[in-house]
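The structure is given below, and queries will be raised subsequently.
We call the chains A, B and C, going by the order they appear; numbering starts again at 1 in every chain.
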Amino acid sequence: MGRWRRLFSLIVLLTPSYGWLVFAVLAPLGIMFVFSFLSDVPIGERAVFFTLKNYQDFFQNTFYWRLTAKSLLTGLYTTILCILLGYPLALIMAKIIPHRWRTALFMLVIVPFWSNTIVRLYSWAIVLRKGGVLDLFIQWLGFESGSLEILYTYQAVLVGLVHGYLPYMVLTLYIAIDRVENSFLEAAASLGANAWQRFWRILFPLSLPGMISGSILIFIPTIGSFVEPRLLGGRTGTMIGTIIEDQFVQLFKWNFGATLAFLLLVVVLILMALLGLLLRQMRLLRGEGG
Amino acid sequence: MMKYKALVILLLVVLMLSACGGQATPQPLAPVATAESEATAPERFTLRVINWNGYGSDEPFVLEQFGKLYNVKIEHDYINSEEEILTKLRTSPATYDVILPNVAYLRIAMQEGLVEPIDVARLQNWEKLLPRFKDLPELRDEAGAVYGVPWVWGATAIAYNTEKFPNGIDSIQALWDPSNKGQVGIFDSFEDEIVFAGLALGDKTPYQPDDLQAVKQKLLELMDNVKTLWASEDEFNKLFANGDITLGNYWSGAAARAAKMGLPMAFVVPPEGALGWIDTWAIPKDAPHKDIAYKWLDYMISSEFYLTWDNTAGAPAPTTQASLDALAEDHFNRAVMGNPEVLARLVFMETMSPETREEWNRLWEEVKASQ
Amino acid sequence: MKRAIATLAYLYALSMLIFLYGPLMVMIVMGFNRSPFYQLPFHFDLIWFQKLVTNERILVATRNSIVLALAVSLLATFLGTLAAWAMARYRFRGKSFLQVILVPPIAIPWLILAVALLLMFYWLKIPRSLFTLVVGHVGVSLPYVILVMMTRFQGVDWGLEEAARSLGADPLTAFRRIIFPLILPGLIASLMFTFAISFDNFTLSHFLAPQGVSTLPVEIYTSIRKGFTPEINAISAIVFFFSATLVIFSGREIKFVE
């Protein structure tokens, strides 16, 4: 019975969501993928033919590469900042905060994001502008350093992105760290492992899946982001995401917009494959060491 | 105990939903209601309109007056760009009754067969339009059939802070002036910026630029002065109100509204010229309710509508003499926009070929990417 | 030493909460500020709340958004959890492929997906409706749920479930008593993430909602083009207070297992 039952279970469990994904996401994206090889959008009576021009356009205009690199770096910075800021918080929530507060705190981390991105970013503008809330706060603390004036700079974009994506890191890390049972850590302590060893040898490796999920959920959307760069970045706010948006909103160049998006996807997949290889290597090294 | 608390939580959810709805029972995803329509008899049908959010035709008084008069419900589908009007018409044929493209996009819609010719004899107010709008060649096809009814018009020129510039601004070069470095906000639109740069270079026909490379160079210089690029009226007003920018290119109607709301803003069409635009009402092909669509067009160009709009919210410049005459002497739309000299300085938006749009857009992308 | 670490930890958590909530507080304060342009100094005024009461469009759109987000989060979390469970519980061929195809939905901007869906429905002759709206929202939410739930399922000791089953528990009981408590944090995170994704989703709603049905993000994004009012801040403040209250209430009730 085992084999058929297993197959049956797999089908019952996987079909609803993957069927949905195929219909609602993968099929339409497939259409867009085809579009990236067409000369125009095939609605109405447009003459449409197969072409590689969209891809050529990307490779012949160096500024598209530059913007892609800028967006990738932005995604990387955002992810790293989210890990640096989010890891301690997740650790504190899972291991230090008293148990009765954990659920509430866990949920409070995400409540701010039940609000509108535009409104949130406008609020950041109020905080970051010259003479804004941040400047007032710094003056209140007693520093006379003048204005930080980071609104409409690249740093402001990073602030907006880190703020918007931090909960993904904190919560996925919490979910991973929380699984590590305290008794396990206590046992390690009784065997003479110091705090650092317990963290590095036990907690950290076990929290890695959370960190990876969190990084995926942060890095990938941020490289295509366009609202944060537009509203906070000022004249430095042009990225590949804003260019893609323009192709769809300002122009009727869906084909080229699709091309840019799929090239970005290819880069993401390559990076993820490299990351996968790296992790495997690390695991092998660890295996040898332990 | 657990059940009791779960009940409290459930109650909170229900309370929240009903509080948001203004009705006692939460009704999932009810269509957006028009102002207090319960008292009247059920509407015959729904008139579907495509327009910008908060752009005259969705003012409560319209829904009230027009809706009552013809016993129809008016539903707006909002757009975020002119391009979206075309997208909506292409993907939802025979759905909408009236749409509001500007003249340039009306041309594209005509070429694609997305709009119907309008029998102007059915519009009582057609003859009241100023000749320069009524006779506009861009509204017509080769056979002379009319496809759009000019509604309001305006300019993209320069808005500035009257406190920072007590003597006013007398040249488009102010945007490039090094003393205004870091204070300029510009509209993130390749068309507007390339036309501006062309005008600043002294080109009288910026839609046929003499030297596109010189235009690019001029835009790169402009970027040195730019604080940020704006994409919406709200964004510009916030930038302006909080001192992030003190001047920039802006829309005439928006500047008038901002001044009305108390911002120290003045608007000038510089001697070098500026960009003009005309918004027109049109009827999509196979519109379901053509008779009412004609009534709508007629109502939209009536002075009654225009003046109420201008009083309640502030409107761009009118297209009829009657509306113009009814405005106060010093009203911006009469004193400045009504001035024939100002009008003569404007370069009106033209329909560009897809190739030109692509070329201009890439140029603008390069300029932005250089930052 | 231990005390010092705990104090530091609390301080850190507090500063992170200030970072997360700072802009939200600013947003709320601006709902009470007289200037429609967020000008400082602050002048207290209830004008935007008064205007909100008569702004039926925004109120109905807000309710639509909440109902939609609730439905989407429940549906996506349920379906996604099933898939994540299958992937964690069984080894099978093609699993890594199933994981990889979660990437495009996250990587490709929603704008592109929204336009593509619009076209696909047009070609399939499916008119825009609540159905098309939910299809899109759940579609983009599913990868988030599957990824989050897989993270949680990876730590589940399936021996426990089997032990319970061998002791005579039926599958449902075994799930309810053993698995459910273990995955509860993941479920809550998924529900909350997907609620946020749907509640703040402009592009999909803008392109896929039926005519005449509006959501809060659509109202906000389309209204900024020709002016915008702090009524939006007022409604955001109200939504925020309700959700925070709700969360604190339920946070005391739902206990994560030790």
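What we mean here is this: a contact is a pair of C-beta atoms (placed from the backbone, for glycine too) under 8 Å apart; a residue touches a chain by one contact, two chains touch by 3 or more.
Values in this document were obtained by computation on a predicted structure and should not be read as measured data.
Common neighbours of chain B and chain C, listed by label, are A. Chain centres computed from CA atoms place B at the largest separation from chain C. Summarising the inter-chain contacts, the pair of chains with the most C-beta pairs in contact is A-C. Distance from the chain B centre to the chain C centre is 33 Å, each centre being the mean of its Cα atoms.
Each chain gets one centre point, the mean of its Cα atoms, and the points for chain A and chain C are 15 Å apart. Centre-to-centre spacing of chain A and chain B amounts to 35 Å, using the average Cα coordinate of each chain.
Multi-chain contact residues, meaning those touching two or more other chains, occur in chain C at positions 38, 40, 115, 119, 122, 221, 224, 239, 250.
The set of chain B residues that touch two or more partner chains comprises 80, 87, 91, 231, 235, 238, 242. Those residues of chain A in touch with two or more other chains are numbered 43, 122, 125-126, 131, 249.
The touching residues of chain C, when paired with chain A in their complex, are 5-6, 9-10, 12-13, 16-17, 19-24, 26-27, 30, 38, 40, 79-80, 82-83, 85-87, 90, 92, 98, 100-109, 111-113, 115-117, 119-120, 122, 135-136, 138-140, 142-144, 146-148, 150-152, 154-155, 185-186, 188-189, 192-193, 195-196, 199-200, 202, 216-217, 220-221, 224, 232-233, 236, 239-240, 243-244, 247-248, 250-252, 254-256, 258. Across the complex, chain B meets chain A through its residues 80-81, 83-84, 86-87, 90-91, 112-113, 188-190, 223, 226-229, 231, 235, 238, 242-244, 354, 357-358, 361-362, 365-366, 368-371. Residues 35-40, 56-57, 59-64, 66-68, 70-71, 115, 118-119, 122, 127-128, 130, 206, 211-214, 218-219, 221-228, 235, 238-239, 242, 245-246, 249-250, 253 of chain C are the ones touching chain B in the complex. Remark: chain A residues 43-44, 61, 63-64, 66-67, 122, 125-126, 129-131, 151-152, 230-231, 233-238, 243, 246, 249-253 touch chain B in the complex. Contacts from chain B toward chain C in the complex involve residues 2, 5-6, 8-9, 12-13, 15-17, 19-22, 26, 28-33, 35, 46, 48, 52-55, 75, 77-80, 87, 91-92, 95, 231-235, 237-238, 240-242, 254, 257, 261, 263.
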